[in-house]
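One chain, subunit A, links the two complexes that follow: it is found with subunit B in the first and with subunit C in the second.
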Partner chain A sequence: MKLNKPAKAGTYESNDIYIMIFPGYNSNIIELESVVYETFGEQIKSVINESLNLFQLTGVLVKAIDKGALDFTIRARMTTAIKRGMSNE
Partner chain B sequence: MNKIYRSMLFMPGNNPGMLQSADIFDADSVIFDLEDSVSIEEKDSALILVTELMKSIQLNANIVIRINPYDTAFYQTDLDLIKQLNINTILLPKASLQSMKDLDSQLEKTNINIFALIETAQGIEDVYEILKSTSRCVGLILGGEDLSVDLNCERTKEGTELFYARTRVVNAAKALKKIVVDTPFTDTIDEMGLKNDCLTARKLGFDGKASINPRQIDIINTVFSPSEKEIKFALRVIDAKNLALENGLGVFSLDGKMVDLPVIKRAEFIVHTAVKIGLIKGENDEN
Partner chain C sequence: MMKINGYKDNYEMFVKSSGNKSLPVIKPKEYNFNEKKLRKNLTQLLDELDLKDGMTLSFHHHLRNGDHVLNMVMEEIEKRKLKDLTLYASSIFPIHSPLVRMIENGTISQVYSAYVSGPVAKAISEGKMEKVLVMHTHGGRVRIIEMGEVTIDVAFIGAPTCDLFGNISGKIGKNACGAIGYAVTDAQYAKKSVAITDNIVEGLANYDIDGKYIDYILKVNSIGDAQGIVSGTTQITKNPIGLKIARLTTEVIKNSGYFVNGFSFQTGAGGISLAVAKYLKDLMKETNIKGSFASGGITSYLVEMLEEGYFEKLFDVQCFDLEAVRSIRDNGNHIPISASKYANINDDCVVNDLDFVILGATEIDLHFNVNVTTSSTGEIMGGSGGHSDTSYGSKVTIVVSQLFNARIPVIKDQVICKTTPGETVDVLVTERGIAINPLRLDLIERLKKTNLPLKTIRELKAISDELVGIPQEIPFTDQVIAVVEYRDGSVIDFIYKKAL
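Moving on to the complex of A and B:
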């Protein structure tokens, strides 16, 4: 599947995560800022990667600003951003 | 007997912090809202968030999902995802005969129940038929804010403008043995106003009240719970009924007054509610 345009989802509220995705890169890159980076940084990246793999996306830059989101929120915001980025509207 | 619906708390469907804490506020039901509290631009986001939550976390609360109205483009998108989830109730906004019929047919292969949100002048007039239109419909919530707009009248704290609607929906629901829940009290700071509004609703026959803020739940639950005096009397009625049965008496009296079937039924309902919310122990409870 293909990302057609940059897209974003989420908010900067606590328990949420703000996701921006950009097409046109050579491989998938994740840039993460998180209030809990030390403890959960790798776990958050792993959930982001799972979402990219689910949609079979490659060459995507993901910028994520995490405010303590649980896994379900990360998955939801990634799915929303990806669907928005895949849309032709 | 059925679930208790003293309090039904609305939560914005695009707010993960609130959604994941849904079961800590002591509301008898929590309504994940995809409609009014979600902006048009974030409808997709809220639907996906609620779906992911329901797939991932087992919340210790009775979850109801308010989808978007039948006459919007979001209705079908919501329904296609929501009906695949392990939920037991959908709240249908601006319920009408047509929208209830459609929702019922789309839920055909599921066990999902429907709560009707009655919030239009036409809905008030059709309420009996709406509730009766499908066995999936377990009850209704009165939506006073939208109704006031439809009636072109000011929404007041006293709620005089809703008197006809309130009595009409209560009567229809009771006639069909359905749950009937009152409209939210929207001033979240005015505790006395909330209490008075709850007392009015309870006097009229409502089973509970919807809420838009967790801080209202305690007052709502208290007003719609049976009082100690009511519970004591109900237990005495049931004891007297059991004694009368043992003695082969069809009719009996308590405190000099004859006790008939409606009094017994009300006593049983009060005891059932009191057990369900933990005010007294049930027959099957240990110790």
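Moving on to the complex of A and C:
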């Protein structure tokens, strides 16, 4: 599948994550800032990758600013951002 | 040898006094009870004090993040190129950031404190201090001085009001901070004690520290900013999860078997702890049960409970807000106490008479050991204060915390730093259940009869792990940056420098 345009989802609130995605890169790149980077950085990146793979996306830059979101929140924000980015409106 | 009939067999002739006030020397000294104590210039005073490398200087923290005394004195001392000083400061706040430079340039080589936050904590966490940080408790601080483990060369005491004899009151003056319980022992035991004040009055009738312990009085323009004594955490939480925890905690109190007429209570100034005070008041109203005393750092919520007759007395070692300052000045049942009377194991301390204490936690492990000294990633950001003192003394010690917040879980297999031993912690209340220390069979027995959501601490951890995941290990080096001392002086843990 393909991303048509940049898109975003989420907020900067505590326990949430703010996701921005941009098409047009050679491979998938994740730029993550997180309040729990030391303890959950790898886990958050792997959840973001899972979401990208679920939609079979390649060449996407993901910028994520995490305020301590749990995995299901990260998945929900990723799904919303991806669906927004795939729409043609 | 001359023999004297009727006198002890071995006697020592008086040679000289060391000048250390912990020893039984003759009083009053040269400068007591006259106006010669007054100094108007810090530089001149420091000349007279004859400061030397390696000395120990003490400060107290009642002006909290509004304190100007510590920085004012230390910056002047730094200019004199003194080195290797030990700072014996009861707590260190973000306002004390100039100390970072003094730690880096060797003016200060060691710090003793019960609580260290802000830039100083960060610098020490990074391993910048030459010697180790010693983290004691509020009660332990007094014991260390009394037992002579540390001798204070000069105590600098921020004094909201002072008379010319050196009598100090914390209750009045433009920077009134109420109780000054942490400074009392310093005044009594330091070789020299300096009262630093911005308000000199004539003949204080009611004072907190007796002028006979004060050697010099320094008049300055301002000792601080009284607004800064209101610490950032003294507001009731609005978070519904926090309120739920507070309600559950109040139910635990109600059904614990210790909630009877004359019970005693202490709570910290954290948002959830304050909410417990609010719900407890409703419960006391409903059941018509009255308490004997509340203690600790005192907030407006406890003042209100005193004034409305829910408690007979407040024992106050430190005022957390300006309402408490007003009350301690005006209300005879709001009683200032020294840190010794509060929590020193060698004193008849108030914590031993506590029925309930409500405490916070950064981390708690499966054996109920609590960390309030470091963050969950290992940086120093607090300390015991009275945490382990009250936890030891109180009949029911309740730790309140969200099970996790912003993906930071409270329950760990092992805490990074053991501040308070699990043997002294009885109950953990979270929004998803209540865990009782298996050692407290009586509490388990009574609370089982209620419909409260009791779980083992392992069950709570499983819920947390399921939602949050297992955190990556934080790597540490083997360099010890802080020693954590329990209230009796035994070493309870070390804090290590983090690996990069």
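Rule of thumb we're sticking to: the second predicted complex is superposed on the first by the 89 of 89 C-alpha atoms of A that agree within 3 Å, B and C clash if a C-alpha of one lies under 4 Å from a C-alpha of the other, contacts with A are read in each partner's own complex, and residues count from 1 in each chain.
The rule we apply is simple: a contact is a pair of C-beta atoms (placed from the backbone, for glycine too) under 8 Å apart; a residue touches a chain by one contact, two chains touch by 3 or more.
All figures in this text were calculated on a predicted structure; none of them were measured in a lab.
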item: Superposed partners subunit B and subunit C on subunit A - clash or fit; value: fit
item: Inter-centroid angle subunit B-subunit A-subunit C after superposition on A [Cα, multiple of 10°]; value: 70
item: Touching partner for A:S14 - first (subunit B), second (subunit C), both, neither; value: both
item: Which of subunit B and subunit C A:A69 touches, first, second, both or neither; value: both
item: Which superposed partner A:T39 touches (first subunit B, second subunit C, both, neither); value: second
item: Which superposed partner A:K83 touches (first subunit B, second subunit C, both, neither); value: first
item: Subunit B versus subunit C as contact partner of A:G59, first or second or both or neither; value: neither
item: Nearest Cα pair across subunit B and subunit C, whole Å; value: 5
item: Contact residues common to both interfaces of subunit A (with subunit B and with subunit C); value: 14-15, 69-71
item: Touching residues (chain side subunit C, partner subunit A) in the complex; value: 376-377, 405-408, 467-469, 471-472, 474
item: Residues of subunit A that touch subunit C when the two form their complex; value: 14-15, 35-36, 38-43, 67-71
item: Subunit A to subunit B touching residues, read off their complex; value: 9-10, 13-16, 69-73, 75-77, 79-80, 83-84
item: Interface residues, subunit B side, partner subunit A - complex; value: 15-17, 20, 44-45, 48-49, 51-53, 55-57
